[in-house]
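Here the chain labels run A, B, C and D in written order, and each chain numbers its own residues starting at 1.
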Amino acid sequence: MNMTFAEHPTAATRATPMRPDTRPSFILALSSPNRRGIVAAITAILCEDEGDITEAHQYGDEQTDRFFMRIVFSFDDHAAKLERLKQRLADVAGRFGMEWTVDDRRHKHRVMLLVSKFDHCLVDLLYRWRTGELPVEITAIVSNHPLQTFAHLELAGIPFHHLPVTAATKAAQEEGLRELIDQTSTQLVVLARYMQVFSDEMSAALSGRCINIHHSFLPGFKGAKPYHQAHERGVKLIGATAHYVTGDLDEGPIIEQGVERISHIDTADELVRKGRDIERWVLARAIRNHVEHRVFLNGKTTVVLQD
Amino acid sequence: MNMTFAEHPTAATRATPMRPDTRPSFILALSSPNRRGIVAAITAILCEDEGDITEAHQYGDEQTDRFFMRIVFSFDDHAAKLERLKQRLADVAGRFGMEWTVDDRRHKHRVMLLVSKFDHCLVDLLYRWRTGELPVEITAIVSNHPLQTFAHLELAGIPFHHLPVTAATKAAQEEGLRELIDQTSTQLVVLARYMQVFSDEMSAALSGRCINIHHSFLPGFKGAKPYHQAHERGVKLIGATAHYVTGDLDEGPIIEQGVERISHIDTADELVRKGRDIERWVLARAIRNHVEHRVFLNGKTTVVLQD
Amino acid sequence: MNMTFAEHPTAATRATPMRPDTRPSFILALSSPNRRGIVAAITAILCEDEGDITEAHQYGDEQTDRFFMRIVFSFDDHAAKLERLKQRLADVAGRFGMEWTVDDRRHKHRVMLLVSKFDHCLVDLLYRWRTGELPVEITAIVSNHPLQTFAHLELAGIPFHHLPVTAATKAAQEEGLRELIDQTSTQLVVLARYMQVFSDEMSAALSGRCINIHHSFLPGFKGAKPYHQAHERGVKLIGATAHYVTGDLDEGPIIEQGVERISHIDTADELVRKGRDIERWVLARAIRNHVEHRVFLNGKTTVVLQD
Amino acid sequence: MNMTFAEHPTAATRATPMRPDTRPSFILALSSPNRRGIVAAITAILCEDEGDITEAHQYGDEQTDRFFMRIVFSFDDHAAKLERLKQRLADVAGRFGMEWTVDDRRHKHRVMLLVSKFDHCLVDLLYRWRTGELPVEITAIVSNHPLQTFAHLELAGIPFHHLPVTAATKAAQEEGLRELIDQTSTQLVVLARYMQVFSDEMSAALSGRCINIHHSFLPGFKGAKPYHQAHERGVKLIGATAHYVTGDLDEGPIIEQGVERISHIDTADELVRKGRDIERWVLARAIRNHVEHRVFLNGKTTVVLQD
């Protein structure tokens, strides 16, 4: 974070609409089988322990019979009290078969950025990070291209790792990458136009914590050169898709999509240019929702509890 | 869910994402001063009385210090049990200073449509009503123009009232209108391009239950002939605004807005044409959100708890 | 055009930005191999014959090496002069290998509407036709369902034909349809949610003059039940596509597309409802552009010369 | 097309849909009183001199009785021939009372960027410039804040000028600015969130060649703190407007506008954040259209001949 912007009037992380409460703020995110009484059980615990709910959103999916909830609450900055709260939540969670996390909002999500030579998403994410609009800690930038490819960028001291890859070295490169993820305590891996396909093992290892930006409006134009495919087909809108990476290429659960209008006059190169604006917007929005614990996996799709 | 529409091919009322629960569904909508424990208190009552929450959304506004909540729950179709639940909610409401309603979703909102000679919104609302997509009961269509203005429309037996108005008869006409509203137990009055300005008394009497569609992107181009104003100014997008009617012309709380791109080639008449598509979409959406109890007044603005 | 609306203040056909010229207006639409001097040759003829250009738009496609031009011009209402102009244009056309048409704007395009039981596009097109916003003559409404399916609609005297179809009668039904198209001098056939797939012969016979609305953002979700496919895949936007019908199902040249944002909460039925609004808007816009001679085939895609 | 960018992977200047013609490309932009024969006269000259039209677009405004035309043509790289062509165009221009320019596309537009402390538009423009997507020469970056405010940016050798301003020094500062504009042969001045209001003299001196980005959807929310005004009013969409600077604050001819959907949950600070994305997109697009000679003044509005 740049000092200049620390007091920047517009450096606003997602506004928590809370009372002027000096207590720290936490996010409880949970998913579970859909059963009666979950909301009451959870909110009762928070009320009794004097957690103060400032945002709450839930959704029950009839088809998958799953239930999803996100609660933001303020709470005393007292370790023992927090521990007790978590214990009580754990008890309830056991009863309902929940998966759940409680996250202290003062601790920024640790995010690693992977990039090949197209740097528009990287540039955009660095800008949003620098202004504080994207509330993350960038653990590293990793590329299969050398540092000089990004010589024009101010990396602000973020560690850069050059991990080249060939068919022969792919397994070793992925192993190096996984070690780096572990060593840096990275929570989320972002493929910010990283033009390498992960092995199934790698995809599985990063399940639910690796976001890719695909440069088409999926499921249209999977695979390589989607803008050229779009130009061939003569579509009137192009798009971009942010999704979780799975072993099934371009088939992972979709987090966010965006489109822009084009016309016959746009060549494939022109689509590439226009697409850059959509890609960076869609990816930034997907990351933001992920690190704010708004995104839940729901079978092959996602539930995004936006306000 | 209405039986009549169950077999209609295009009928889809707002999908309640609930478990296949044959019990009726209710909407609790409340607003109150923002105080700790509201969610817990409400959900505890529902849980104890075996109300089954299927949707829930809340929002606390720091600036106005108001709290808003909408809960959809299924409940036994048993009058005495429902009465007891309402009594318990009333007790809590008193403690927190809440305004609240509980609405049985099987009872359709009673809506009156007012229209002058431009009928595009009327045609659109009738279509959405007929297919069941707008889950309302239309109590009457009222116009300051005679029935023959709408001779080309199939009014499907909805009562039509011709209430002409001049400067001299305005007070009497409004009185007639208010009587009609009362007699028909109308809950919501929709000005579907009704080109008459209500008196302050009339506006006050319908506070919070009268929606107007203004044919501009407010606050731009208030008053008469907004599309012509927009053409003069050379804007590149035009819009429409659905808002609650207040004594302050075109200044009421905004419920929904939409825009469409235009260009230099569009004459004022062309803006009128393009605007019709936005107006009907924006008005239909505002009505839908209102009758689903998603819209809350919050000072001079609205809170719209959409999913 | 309906008499009632002839004096309707907003009944505006596409505004021709011309000088207050009482002479009739014509549209010249041409496509040809891309060669130097086409514009000069055409405009010189118009200038010499005192045709007054009020709109002009051209596009040369490098990839297909095709050139497309649309010119709106006013011209004296004098048959012999018009004949001479057309002769001169024909001479130039021969030289450049052009395909071309000159259309008198006072003659409305003759359009036939085909529909199955979902009537939202039909209702919308009839409304736009009635207000004069869609400047066409409707030659007939044809359905594989009987008239009573549309009993709630005011068909305003437009001939209705019930042409039921089964696997066994398909060939005969298509023959009947083609006869009807010929007898009514229909220029454009619109599949306004007509849920029958044409035979290859039928598609070929109507090449370039049959528009279908497909209820997905093609090329995503081709074939049956696209909204259900979209729901399964968990996309965050749904769309609709208007395209020319070809023998290759859902692969015809795209004329117009539109999308709307959805979320996890939308069931497949809800997508069907939201999709209706997009479908009718996209189809109306495609028809409008077609009858105004703005749409040109360009290999497997279209060039749409919009202003 | 610039050699430097020919090998840049993401470089795509606006695709000229021309035949593979190695001759240089020129843009003819003209506006004039609307009279018969202009198109023919111009295209005849181009044809005779072997200029090869690759794009053409015209528009005649009935209300202002003005005519606007933009033609892209390829032409031999031969100074004497070009001079003769210009002479012939000048003759025609005199006859029709035209204002016109012919611009060699190999010569990039010279643009100066003015900025205060909010740097999101600056960062975005620098990125688009670096990738070649914005085909301009940046003559200087000027700020009323010192260089260290932008210490985190890679200015790539672009001259930076700190021109502080107070009420007392305003006249002198503007004079310094005008000298700098002259010395650097700047053609277009961009106020990329430059939070100073120009004097009438300065506005007049830069008439038609100074673009400002205002952070609201004009004419709504003129003046200071528009996002705060928008929050107070409770609008459901916010926007940004790029316009030419005139002596009449926020009333200059609009070039481009964009909007984004917001909701009750967005605080004023959140609107500021969301607005940044719209502002940078709208400003970039306005600049691009200006330097490609697509924007024409038409009274208090603009004509933008986009393809």
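List of remarks:
One rule holds in what follows: a residue touches a chain if its C-beta (ideal position, glycine included) is under 8 Å from a C-beta of that chain, and two chains touch if they have at least 3 such contacts.
Protein identities per chain, from UniProt: A, B, C, D = Formyltetrahydrofolate deformylase.
Small disclaimer: the values here were computed from a predicted structure and weren't measured.
Looking at subunit B and subunit D, the chains in contact with each of them are A, C.
The rotation relating subunit B to subunit C, fitted on Cα atoms, amounts to 180°, rounded to the nearest 5. Mostly identical positions are employed by subunit A and subunit C in their mutual contact, as over half of the interface residue numbers are shared between these two copies. Averaged Cα coordinates give subunit A a centre that lies 36 Å from the centre of subunit D. One inter-chain figure worth recording: subunit A and subunit C are separated by 43 Å, centre to centre, where each centre is the mean of the chain's CA atoms. Contact of a single residue of subunit C with at least two other chains is seen at positions 17, 59, 61-62, 263, 265, 267, 307.
Chain contacts in this assembly form a complete graph, since each chain touches every other chain. Residues of subunit B touching subunit C in their complex: 9-10, 12, 14-15, 17, 118, 120, 123, 127, 130-131, 133, 151-154, 156, 263, 265-267, 269-270, 272-273, 276-277, 281, 307. Residues of subunit D that touch subunit C in their complex: 17-20, 34, 36-37, 39-41, 43-44, 46-48, 50, 52-62, 65, 307. Within the complex formed with subunit A, the residues of subunit C that make contact are 59, 61-63, 217-221, 232-237, 239, 253-259, 263-265, 267, 298, 300-304, 306.
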